[in-house]
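For reference, the structures are reproduced in the following blocks.
Presented sequentially are two complexes of subunit A, the first with subunit B as partner and the second with subunit C.
This part shows the complex of A and B:
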C-alpha cells in the first residue's frame, strides 16, 4: 500500500508539471486542446492527493507500525479519533493535508468557473498548478509520508499529549483552509499580470476569494488561541509566539487588502499596491508554514524540526521575485485612474488603514525574526518577546480601532465639515462619557482608556449607520418590528452591513483582550481537604483528590467547590494526566466560564503531605474574545453571501 | 499635487512613529540571546539585564518546590552550566534532558538567571531515532 501512496504522489508531481506546461502551451498557441488537458491534470492531482491521504489515514487508523509516520505519531492505546487527526500532528502528514487543500482549491476553482471559456481562468489554474508542483515535489522527493521502517516496532511512539485535544482536531484543517486559500487570489493577480488583462471584474472575484480565506484564517487563529488557553495551562490565550505571529501576519495584510481593494473598485486607484498586498499575503502564508515547520525559531509550537526549511525559503524567494518582476514589468497596466482628492475622505482613511496594517505586520515580522536579523546585521543575537509586541503593536492596533469607527462614515472623495459633525459628535461624546465612567473604577492606563473610548466610539458609529439606514426605509415598512427592519436593511446591502458586523465583532474582541490582559488576577496555594483559596470574589474549597485510569493516561483530579461572593456556583475538576506511553504529565485546566469572567484553575500537583497545589486565575471578559470572533464570522458570511446573489442575477440576465 | 505631498507627510509621520516604537521597544525589551557557555564565561557583570538562553535541563539538577511554586535547575549546553530560578509551575513537558528556552534577568553575583519565562520545546516525536532505518 505504501508503494501506491508514493506512486500517487509521484504521479501528482508529474500531473502538476504537465498541467503547467500544457496550459502554458495552450495560452501561447491559443489552442483549446492543451488548455483542456491542463485543467484535467489539475483535477487528477486533486484525486491523487485524496488517494494518498486516504492511504495514510488507513495506515494511521490500522496503526500499521511499519509506516514511519504512523510509528512516530501514534500508539496502539491512542483513541481512534486522535489516530485520525494524527494526520496533521507531524510534518509529512501536515504537508499532505496542505497539498490536498491546495488541489481542492484548484478543483473548486475550475468547477466554479467551468462555464467561462476565457483563457484567463486557465492562466489562474496554471499558477495554482505551479504551487502544486512545489508541494507534490516536496512530498515525493524530500519528506515522503510513506516511508517504511526496516523493522517495525511493536508499538508506536505515541501522539504528543498537547495534540490530544478536541480543538486540535479542527484547528489545523481550518487554519490551513485559510492559509492555503490565499493561493487563489495570488494566482488571480499573477494571471492578470501574465496576460496583461485590464478590467475590474477579476478584482471582485479576488475580493470574494480573499474574504473567504480571511474568514477561515480568523477562525483558525481564534481556535488556536482557544487551544492554547485550554491546553497550555498558563492562563492566557496569546503569547506573541512565533507560530502565532506567523498565522497573524497574512491575516493582517489580507485585512489591509480587503479595505484597499474597495478603493480600486470604486475609484480605480492603488492597483500596484493591491497586487503587491495579494502577493505579500500569499508569501506570508508560505512563510508561516515555513516558520511552523522549520524550527528556525523557538516556539511552543515547534513540534517538528526538519530539513525542509531551505526548500520553503527557496520557494518564497523564487515566487516573491517572480511576482515582483511581473509587477514591475506590467507597470503600465497598473496605472492609477484617479488621484486622491482629499486626505479626510474614505480613501484617505483606507490608505491610512493600509499603512497601519502593513506597519503592524512589519513590526510583527521584525519582532518574530529579530534574533536572526540582529545577528546578521550586528553580529549579536538580540531577542524580543511579548513585552516588545505589547509596546509596539498595541498602539498601532488602537489607532486601527479608532479608524474602524471613522473610516466607514467618511464620504468618498472629500468629507465636508457638516458630514464630520453629523457623524462624529455623538460617538465622540459617548466615548468620552465612557472614559469618565471607567476612571473611578480604577482604569488608569492610557491604552486602556483609549481602548474604551475607541470601543464605544466605533459601536456608536455602527449603530448610527444602522439607524440611518432604517430611517431611510422607514416609510416602506413602518409596521414591521425593529428586528425585521434590521434584517431587511442588511439584506439590501449585505456587503456593507456585513462589514459593519465584522467591525462590531472586532470591537467586542478588543474589549475582551483589554479585560483579560489588564485586569487578570492570580492566586495560588497548597490546599488540604477542606481548605480554601481566595481569588477575587471566588472561594475555592478543596473537596478531595481522586486517581483514575483513562485509556492511555492516569488522571489525578482535584475536586473544587467554587463559591462566588459566598454563593455556591459549582464543582470543578482540575486534573493532571500522566500519559502512560511517554510518561509525560499534562495539565487539564478546570474552567468556570461566565460571560463576564473566567475562573481558570490549575492543579500544580499533589505534595508529599497530601495537599494539592492549586493555582487560580480570574480572566475577565475572555468570552468576549470568542464571541467577538463569532460575530466576525457572521459578518463575513453575510458579506460573502452578497456576491452569490449578484451571481444569480448575472445568470438570469441575458 | 498638494494631496500627494500631504499623503506623503502623513505616511512619513506614521512610519516615523512606528520606527520610534520599534527602536525604543528593542532598546527596552530586547534580550541578549546567548548560549550557556557564552554567558557562563563572562568574567564581569554584563551591562544588560535581559537575557535569553537556549539549552538543556542538566539531568539531576532539578529542585522543584511545588508549594511555592519555585523551580530551580541547571541549564547546560554540554560545556558549561548556568543556574536558573523560576517562580512558577513546572511546565508539563519539562524534564531532565529536555530542551528549554528561558528569558529573564541575569545576576552575575549569583551566576544565576532569574527567569520570567520558561518554554519547554515539546518533542512531537519521542525518541524517533529509536525506530531505526527505513527499508530501502
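This part shows the complex of A and C:
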C-alpha cells in the first residue's frame, strides 16, 4: 500500500507538471486540445491527492507501525478519532492535507468556470498547477508520508497530548482551507498579468474567492484561539505565538485587500497595489507554513536541520520574484484610470486603512522573525513575545478600529463638511461620553479608553447607517416591523450591509479582548479539602481530589464547589492528565462561563503535603470574543451571497 | 428615527462603560513582573500563566523578591542573570534590538507619509483635469487642438482609455 501511496504522489507530480506545460502550450498556440488536457490533469492531481490521503488514513486507523509517520504520531492506545486526526499532527501529513485542499481548489475552480471558454481561466488553472508542482514534488522527493521503517516498532510514539482535543479535529482543516485558498486570488492576479488583461470583472471574482478564504481563515484563527484557551491552561486565548502570528499575517493583508479592491472596482485606482496585496497574501500563507514547519523559529540552527525549510524559502523567493517581475513588466496595464477628487473621502480612508493593515502585518512579521535575526547577528538568544506585541501592535490595531468607524461613513470622491458633521458628531459625542463614564470607575489606560471610544464610535456609525437605510425605504415598508425592515435592507445590498455586520463583529471582539485582558483577575493558592480560594466575587472550595485512568492517560482531578456572592453556582472539575506514552502532563481547564465573564480554574498539581495547587482567573467579557467571531462569520456569509450584483453587472456589460 | 438612534447608541455606551467599571481593579505587583517574562523551558509560556515546574519556581522567586522589598529591576536582573536574555518577553530597547521597537512605527509613519503624497498627487491631477478651460477635454473633447503639456497628457490619457475600452468591448463580444 505504501508503494501505491508513493506512486499516487509521483503521478500527481507528473500530472501537475503536465498541466502547467500543456496549458502554457495551449495558451501560446491558441489550440484548445492542450488546454483541455491541462484541465483534466488538474482534476487528476486532485483525485491522486485524495487517494494518497485515503491510503495514509487507512494506515493511521489500522496503526500500521511499518509506516514511519504512523509510528511517530500514533500509538495503539490512541482513541480512533485522534488516530484519524493524526493526519495533520506531523509535517508530512499536514503537507498532504495542504496538497489535497490545494488540488481541490483547482478542481472546484475548474468546475465553477467550466462553461467559460475564455483562456484566461486556463491561465489561472496553470498558476494553481504550478503551486501543485511544488507541493507534489515536496511530498514525492523530500518528505514522503509513505516512508517505511525497516523494523517496525511494536507500538508508536503516540500523539502529542496538546493535539488530543476536539478543537484540533476541525481547527487545522478549516485554517488550511483559508490559508491554501489564497492561491486562487493569487492565480487570478498572475493570469491577469501573464495575459495582459484589463477590465474589472476578474476583480469581482477575486473578491469573492478572497472573501471565502478570508472567512475560513478567520474561523480557523478563532478556533485556534478557543483551543488555546481551553487546552493550554494559561488563562488566555491569544499569546502572539509564532504559529498564531503566521495565520494572522495573511488574514491582515487579505483584509486590507478586501477594502482596497473596492476602490479599484469603483474608481479604477490602486491596481498595482491590489495585485501586490494579493501576491503578498499568498506569499505570507506559504511563509506561515514555512514558519511552522521549518523549525526556524525554535532556533536559527534548527533551520539547517529541517529538510523542507530551504525548499519553502526557495519557493517563496522564486514565486515572490516572479510576481514582482510580472507586476513591473505589466506596469502600463496597472495604471490608474481615475484621479482622486479629495483627500477626505472613502478612497482616502481606505488607503490609510491599507497602510495600517500592512504596518500591522510588518510589525507582526518583524516581531515573529526577529529572534532568529537577532541570534544570527548578535549571537544572543532573545524572545519577542506577548509583552512586545501588546505594546507595538495594540496601538496600530486601535488606529484601525477608529478607521473602521470613519471609512464607511465618508462619501466616495469627496466628503463635504455637511457629510462630516452629519456622520461624525453623534458617534464622536457618544464615544467621548463613554470614556467619561468609564473614567471614574478606574478605567485609566490610554489604550483601554481609546478602545472604549472606538467601539462606541464604530457601533454608532453602523447603527446610523442601518437607520438611514431603513429611513430611505420607509415609505415602501411603513407597515413592516423593524426586524423585517432590517432584513430587507440587508437583502437589498448584501455586500454593503454584510460588511457592516463584519465590522460590528470586530467591535464586539475588540470589547471582548479589552475586557478579558485589561480587567482579568487572578488568584492562586494550595488548597486542602474544605479550604477555599477567593477570586473576585467567586469562592472556590476544594471538595476532594480524585485519580482515574483514561484510555491513554492518568487523570488527577480537583473537585471544586463554586459560589458567587455566597450563592452556590455549580461543581467544577479541574484536571491534570499525565499521558502514558509521552509522560507529558497536560492541563484540563474547568470553565464556568457566563455571558459577562468566565471563571477559569486550573489544577497546577498535587503537592507533597497533599494540598492541590489551584489557580483561578476571572476573564470578563471573553464570550464577546467568540460572539464577535460568529457575527463576523455571519457578515461574511451575507456579503458572499451577493450573487445578484455580479449577475447584474454581467448583464449590463455590452 | 433620530431619537431611536440616540437611545440605542446611548444604551450601548452605558452598557459598555458599566461592564469594565465593575471589575477594574489593580493587579498584584508580582503579575506586573511575571506578565513581562517568558518561561525558559520548552513550554515558552508567559510566566504569569505558566504552570510548569520551572515557571512555578520562577514565580516563587518573583514573589519572594517582592516580599524582600526588591525593586522590579533587581528581580528581573537576577532572573536574567540566571536564565539569560531569552526570558524577557520583549527585548531591551538597546543596540541591535532597537530595530524591532523602532521599525514598526517608523514604517507606519513612512506609510502614512507616502499615502499622503500619493493622495495629494492624485488630487492635483484630478484638479488639473477639471480646471476651467479644460472641461471640454475632460468631457471627452478632442484635446489635440489644445496647446501645452497638460493638454497633451490629457490626450494621451484619453487615448489610452479609449483603446482600453475598445479592447474590452472586443473581448466581451468574442
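The criterion applied here is as follows: the second predicted complex is superposed on the first by the 626 of 654 C-alpha atoms of A that agree within 3 Å, B and C clash if a C-alpha of one lies under 4 Å from a C-alpha of the other, contacts with A are read in each partner's own complex, and residues count from 1 in each chain.
Note that contacts are C-beta pairs under 8 Å (C-beta built on N, C-alpha and C of every residue); 3 or more make two chains touch, one makes a residue touch a chain.
This structure is a prediction, so every number in the text was calculated from the model and none was measured.
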Combined model on subunit A: subunit C and subunit B, fit or clash: clash
Partner chain in contact with A:607 - subunit B first, subunit C second, else both or neither: first
Which superposed partner A:526 touches (first subunit B, second subunit C, both, neither): first
Touched partner set for A:615, first subunit B, second subunit C, both or neither: both
Partner chain in contact with A:162 - subunit B first, subunit C second, else both or neither: first
Which of subunit B and subunit C A:471 touches, first, second, both or neither: second
Touched partner set for A:536, first subunit B, second subunit C, both or neither: second
Which of subunit B and subunit C A:596 touches, first, second, both or neither: second
Partner chain(s) touched by A:460 [first = subunit B, second = subunit C, both, neither]: second
Touching partner for A:635 - first (subunit B), second (subunit C), both, neither: neither
Candidates 78-86, 132-140 or 150-158 of subunit C: the single one with C-alpha clashes against subunit B: 78-86
Common interface positions of subunit A, toward subunit B and toward subunit C: 233, 339-343, 348, 351-352, 355-356, 359, 362-363, 366-367, 370, 380-388, 391-392, 396, 587, 602, 604-605, 613, 615
Contact footprint of subunit A on subunit B as seen in their complex: 3-4, 6-7, 10-11, 14-15, 18, 21-22, 24-26, 28-34, 52, 54, 66-67, 69, 89-90, 92-93, 101, 103, 117, 119, 121-128, 130-136
List of subunit C residues in touch with subunit A within their complex: 1-2, 4-6, 8-10, 12-14, 16-25, 27-28, 31, 35-36, 38, 44-46, 48-51, 56, 84-91, 95-97, 99-101, 103-105, 107-108, 111-112, 114-116, 118-120, 122-123, 125-126, 129, 160-161, 164, 167-169, 171-173
Subunit B-touching residues of subunit A, taken from the complex the two chains share: 68, 71-73, 89-90, 147-151, 153, 157-158, 160-163, 233, 298-300, 302-304, 339-343, 348, 351-352, 355-356, 359, 362-363, 366-367, 370-371, 380-388, 391-392, 395-396, 524, 526, 581-582, 584-587, 602, 604-605, 607, 611, 613, 615
Complex contact set, residues of subunit A against subunit C: 197-199, 232-236, 239, 241, 269, 335-337, 339-343, 348, 351-352, 354-356, 358-359, 362-363, 366-367, 370, 374, 377-378, 380-388, 391-393, 396, 426-427, 430, 433-434, 437-438, 441-443, 448, 452, 455-456, 459-460, 463-464, 467, 470-471, 511, 514-515, 518-522, 536, 587, 596-597, 602, 604-605, 613, 615, 618, 620-621, 653-654
